[in-house]
Every structure is written in C-alpha cells, then in structure tokens.
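One structure, as structure tokens, below. Some questions next.
Labels A, B and C are assigned to the chains in the order they are written; within every chain, residues are numbered from 1.
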C-alpha cells in the first residue's frame, strides 16, 4: 500500500505504525533474504531521509537501488511519471520518492504496481519525519494526549510543520507555533516563544533555510538567533522533563545554539535513530499490505 | 565472454540469448549467492539502461558497484583503460560500460580479466537494447522471419537504429527507415512514414534528441510531431496486430503523442520489463562462458 | 577501533595488519552475512580508494552505503561532525571517510559509536594507501629491513609521501626523495633521481597534480617528464629485481612514460589488487577490535 500522507490514516492506524516501529526498535527482525528491492528516488538533495530509508531497507535485508537525479534521463526532459514508471517496470518492490512538487504522487497513484513511500513533497507532507517525531515523543512520554508542543521557525514553507501540526492535534496534543512574522501562517495558534517556553513539553525547532529564503526573512541570522534561537538561557526556562527536537540538518548558532545540540534535553540525534525504525515499519507495511 | 556488438554473434547465438532471456521471463532463477560483483561504469547519463542492468544483476543475486563518473578520477584526466583496469584489478566479475566514444571497447578487449558488457558506445552499438527489442518482438509474434518494421527518427545519430537494422535484417525482417531528410542515412531503405504505416508489423520510434541536435534539425518540434510523430490518427492506420515500440526516454508530444504512449498497441513499458530479462541472460552468459 | 594514521600503530601492529591482509590475499574468508553495514563517506573525489573500500566490504559480505557529497545536506552548510553523526545514529558498523581537511578526524574521535577508517585527510595521512604499498613490497621482497626506496614528485602536497616516509623509516627502509625544487620538503633526504636510480629497490612515483598545482610548478609537463619522469631509459638503469610503484591515478607521459606503466618491473596494477586485501584487513580489524 502507498504511504503518502498521515491524513490518509486514522489515529488508530498511526498508532499501529508506531507500535510496529517500536517493535523494530526493541529488536524485532524481518528478513526479506535479499528478495525485495527498494528504489530510492530522490529528486531533491537529502542526507538523513535518503540514507535512513536505505538503512531501513538494508536492516530488513532488502536490496536497494539509488536513483541519482543528477546523472539521469530527467536531464533529457523526462516526466516524473515516466521516470518512476521505469523502476516500476523493472520490478522493484517499493519506491521511496522525494520531489519538490507538492502532492507529486497524485499523478502516480493507481498507475504503479510498486507501493509509493512519500519521502517529502514540496511544502506538503513528510510522513516519515512526522512518524519519527511521534515515535520519539511516545518513547519519551508514553502518550500524546495532553502534551503541549511549540514549533518554532518557518511554519509557512515547512512540510515538517504542516505534517506535524495536523497529526499532533488529531492525537490530542496542543500545538503552538512561533517565529518571525514573515513565516507565520494564519490559524496556527501563534505565540511568543518566550511566553510559552516554560509551559510546553516539547520545543520543536525548524531549520532556517537561509539558502532558499534569506531574501524573505527580514532578520539577520544573528537577530534570528537572538529572538527565536534556542540557547541555554531559554533551555533553562523549560520544564524539567521537557525535550528539544529538530528534524535536522540544523544551523548551529542560528535556530539552535551550539551547546544546546547535545544538551541533556535534546533528542535530536535520538530522532535520527528512531527514523530508521519508523522507516522499517513503513517499508514493511507498504510491501505487506 | 565479452558482449560488445550483435555483429559478433550468429543468428543461432542471438536466438539462444533470447531463449535464455525468455526462461528468466518465465521464472527461471539463477542465484550467485552474493559471490559475484557486477560493476556498472556509466560515462554518459542513463536511467533505463543503468538501472535495468543493476536490477538484472540483483535478480541474479550478484552485488553491484556503481561508478559515478561525475565524482571520480576521470576528472583528473585518467584514460578509459586506466579507469576500467582499476575495477578489473579490484576483482569484479563483470563490467557494464556505457561510453560516448564509438567502439571504446577496442582499447580494452584482451586486456581485462572481467568480461565487458557493452551498454552503448557513442553512435555505434547498443546490444542490450537490440536484444530487448527482439525479445519483445519474439514474445509478440513468435518469429522474426517476414516481419516488417519501420524505424522513425534520427537514424544517423542513433546507436539503437544502427544496432537494430543489422540484426533485424539478419533475422529475416524487412527494415524501413523514415524521418526528416537531415537524419536520413544512405542505403537504409528510406520511405515516407504515411505510405508505409499501414503495411508494417512494428512502428519503432526513436527519440528526438533535441538537447543535442536541435541545431541540426530544420523542423520545429511541432513540425516534427505533425510530419513524423505517432498520433492516434496514424495509429488507427496500423495493422490490427501491429505494435509500437520506443527505446525511451520518449518526448511526449514530439515523436509520440501523449495518448499513444500507453495505447493498446504500445509495448513501450513492456520493453522495459523485457530489458531486465535480457540483461540477466547477458550477465549470466558473460560470467559463465 | 579507529584506523586514522599509521603513527598510532607499532611496527609489530603494522606487520600484523599486513599479515592479515596477506591471509585475505591467500584466500581467507570472513563472512558477515550481510549483517554489517559500511558507510563510505567521500567528501573529495576518488575512484580507486572509494571502490577498493567498497569491494573490500562486499568481499567480507558487508553491505555498503555510499554517501555522495554532491547530492547532500552538506550543501545546506552542515558540519562534518553533524553529517558523520547521522550515519552513526543510523547504526552503521564502520565509517570510511575521505576529507580535504588535515586530521579532520580530530573532531570526531571519541564521539562516534562506529569505528572510523581514514581514507585520506588533506595532505596528512592515507593509511590504507601506505598499507597497500607495504603489502606490495613485503610480497615482493619478503622483508622491509635494508630496502632502499626513492619517492619522486610533489613531496610537499602528497599525503601518500607523508604517510609512507614515516612508516618506511620505522620499518628499517632507507627513504630518498626527489623531484622539482618547488616540491622539495626539508629534512626528507633529497637526492638527484639519476644519481640514485641504479641503487634503489623501489622507485615510487607520485602523481603530478597539474589540475591543482600547475601554477606552483615552474616546469612544463614536458620538462617534468624529461627531468623526473620514469621512461624506459631510466628503467633500464634500475637494479634487476627493483620495482616501480605509483599510487595512481597516473599521468601517462608526465611522471611515467606510456610504455613503463605495464613494463616488467611495474607493480602499479598489482598495488590496486593488494589494496582490496589491505582494506579487508582494516575493516575486519576496525569492526572486531
């Protein structure tokens, strides 16, 4: 089955995927004996998501094929459908796709034999990121209901924010957003970071995509750090059991101070570890169901 | 053994490779148990051929190594021989090579331990493409003798055309060529497309390589489509059992109309599926013989 | 354990690694059954070293993940530590790293679970190259003590030279250096090539990195070839049992004449074969100890 957006899954189904991921985290093994091939098709650069999906596939003893857009026929003007269809005809057992276009999968759904795993579409969805965030939260707090989170940064252009806000609210969490005025999105419970920081269970930082949006941002990186960056002074105002998350890659000294990255409250690297288990669960589900 | 050009194989030998491919298509399994390593060395971009060879190797339970020219020592001015020799000394069991230079393999033959599988040389040969075209035809019509095919497009610069015309004629097929005057090659049975289309069993389209040869072509892409493109009007003039082929990637709206790509007569995606079986047969033959 | 520089190993330990490599050369098998994953992280182009490490990992029946810097988040300004940490958190069993920065590993040591295999750092160390050079010498002469070697070329910018000189002297070899004045490094036993060539057991050539340092070199490539290049005339002055080595890639007609590359005294391609065995020993040691 395709896994495109968490919107397509009920709260029960989301919890089932998380339980499956948790089993993998606790040592469950699935061995496809090299008989399944997962194709990773990344039309946009990625380190974490790409290699996390690849490691997940290898852990399940799948083989992988890694499509390098920079060295391919898409240079010859081939459409997304025609490129993906190649891998489908080659007989791969699942396709993991990241693409710059929102909901790129609409032109693929129903036309492929292989299930599609969405590894991020434009500013739309990023279900594997949301699931790894949720797994990290569930393993930390044992529940979602009643938890408070503030997401800080470029809400408007972030598929992580968009994916997370919806599913977190469905799971009974209270979601606040914060950050510069120009990144604010209406209807998303905007608050001042310094007013809310002592009340939340989770501070979730977003990446300042200064290579893309610097012109959009009125603040310098220094001002961003001062006003919205998480430094130890702010960390010290957080609740005792509160945690810090970031989808990474992060900008040290911009949205996060250098000494916060691996501080006691940070779960940033733990998120990466959980990402593999979540993607094992996704690939397993996609192939089996 | 090396597989460089179908010119080196008798008609009987070509049919033997096709029979072997057909066995793989029908479920035959060969398991090298991860003990053989196939190196894919692509000095020119490719999606289909590269990943098809890779999938074929994985299906045989070989391991693969994928040489990315853009990130290599060829940037340091290393010769083709010196680069390929590296992989030979590393102990790989076969090298799959695509290179822009016609008959690049002449400088390699007899100097490597690993067999060479030619994945396309300049405007010269493309044996795996020819074999998959032939397998598609054989599975469709059960024979070659007496079949008529028209190859439409840039005959002059196409290694697909060059490879196919010779072997098809040897197999007893009648081959016509068509397309714009500037792409015509002498001695290749040139006809007007609209005069021959109702008489052939196969319409084989070639890609308009407008990123390479636009300056050479006197027609606009619109004019090309009008004069030589396969649209439904032309498809409707084809014989009842006739089929459409294209080595891909194709330009929708140029050499082929959008609605023809997956019409009932089209075998374009079927060709990609057959490509894996043909390449399994080639790798198997190269390693074993 | 990490393998960063041969400086960290005693002469006995270096000989143990060489003995282990020699066992692999003689057919010893280690089978990790696909349960170990080696990540190759190359932040600088490489053919030989990268694919040699990959082949070594595959020979041990490890899986591999190949990080392509050109298609990654380092474009988003991520630090080396943050990038490598990703792979560590993904749970890989060893990281092979090449980086332009000397001693890049200082910022990583003690912070990773996975062992680091240094595949070359700036102008610093290149332990796997030194070990394969040593294995080639040991298999040829059966000993190191008392052997004389001249290293010819850009001593100053060569991590191969730096790595080799130290370990060879520790192993009891006499090391001379030669080449153009501007590449000379003080304290490294500089001699005229033509005065020493008939006395040494090994002529080890370095690559003229003309794409990097042409402006530094006062000689034309022709002059370099005439003054320091190894041609058959010079080869004929070498001792009967003396051998020629080069880390490759080599420039035919610059530091080495075309007909010398595969002459009877050359071990250049043999070095590449030995590289796989040395790297198998390194990966095995890194994972096991």
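Here is the rule we go by: a residue touches a chain if its C-beta (ideal position, glycine included) is under 8 Å from a C-beta of that chain, and two chains touch if they have at least 3 such contacts.
What you are looking at is a predicted structure, and each value in this text was computed from that prediction instead of being measured.
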Matching the CA atoms of chain B with those of chain C requires turning by an angle in degrees, to the nearest 5, of 120
Note whether the interface between chain A and chain B is symmetric in residue numbering, meaning over half of all numbers used appear on both sides, and answer same or different.
-> different
Determine the centre-to-centre distance between chain A and chain B, using the mean Cα coordinates as centres, and give it in whole Å.
-> 40
Per-residue overlap in chain B, given as positions that touch at least 2 other chains | 34, 66, 68, 70
Quick one: in the complex, what on chain A touches chain B?
-> 34, 37, 39, 63, 65-68, 70-79, 82-83, 85-87, 89-92
Over in the complex, which chain C residues touch chain B? Could you list them?
-> 34, 42, 45-48, 51-52, 54-55, 58-59, 61, 66, 68-70, 207, 209, 211, 248-252, 269-270, 272-273, 275-276
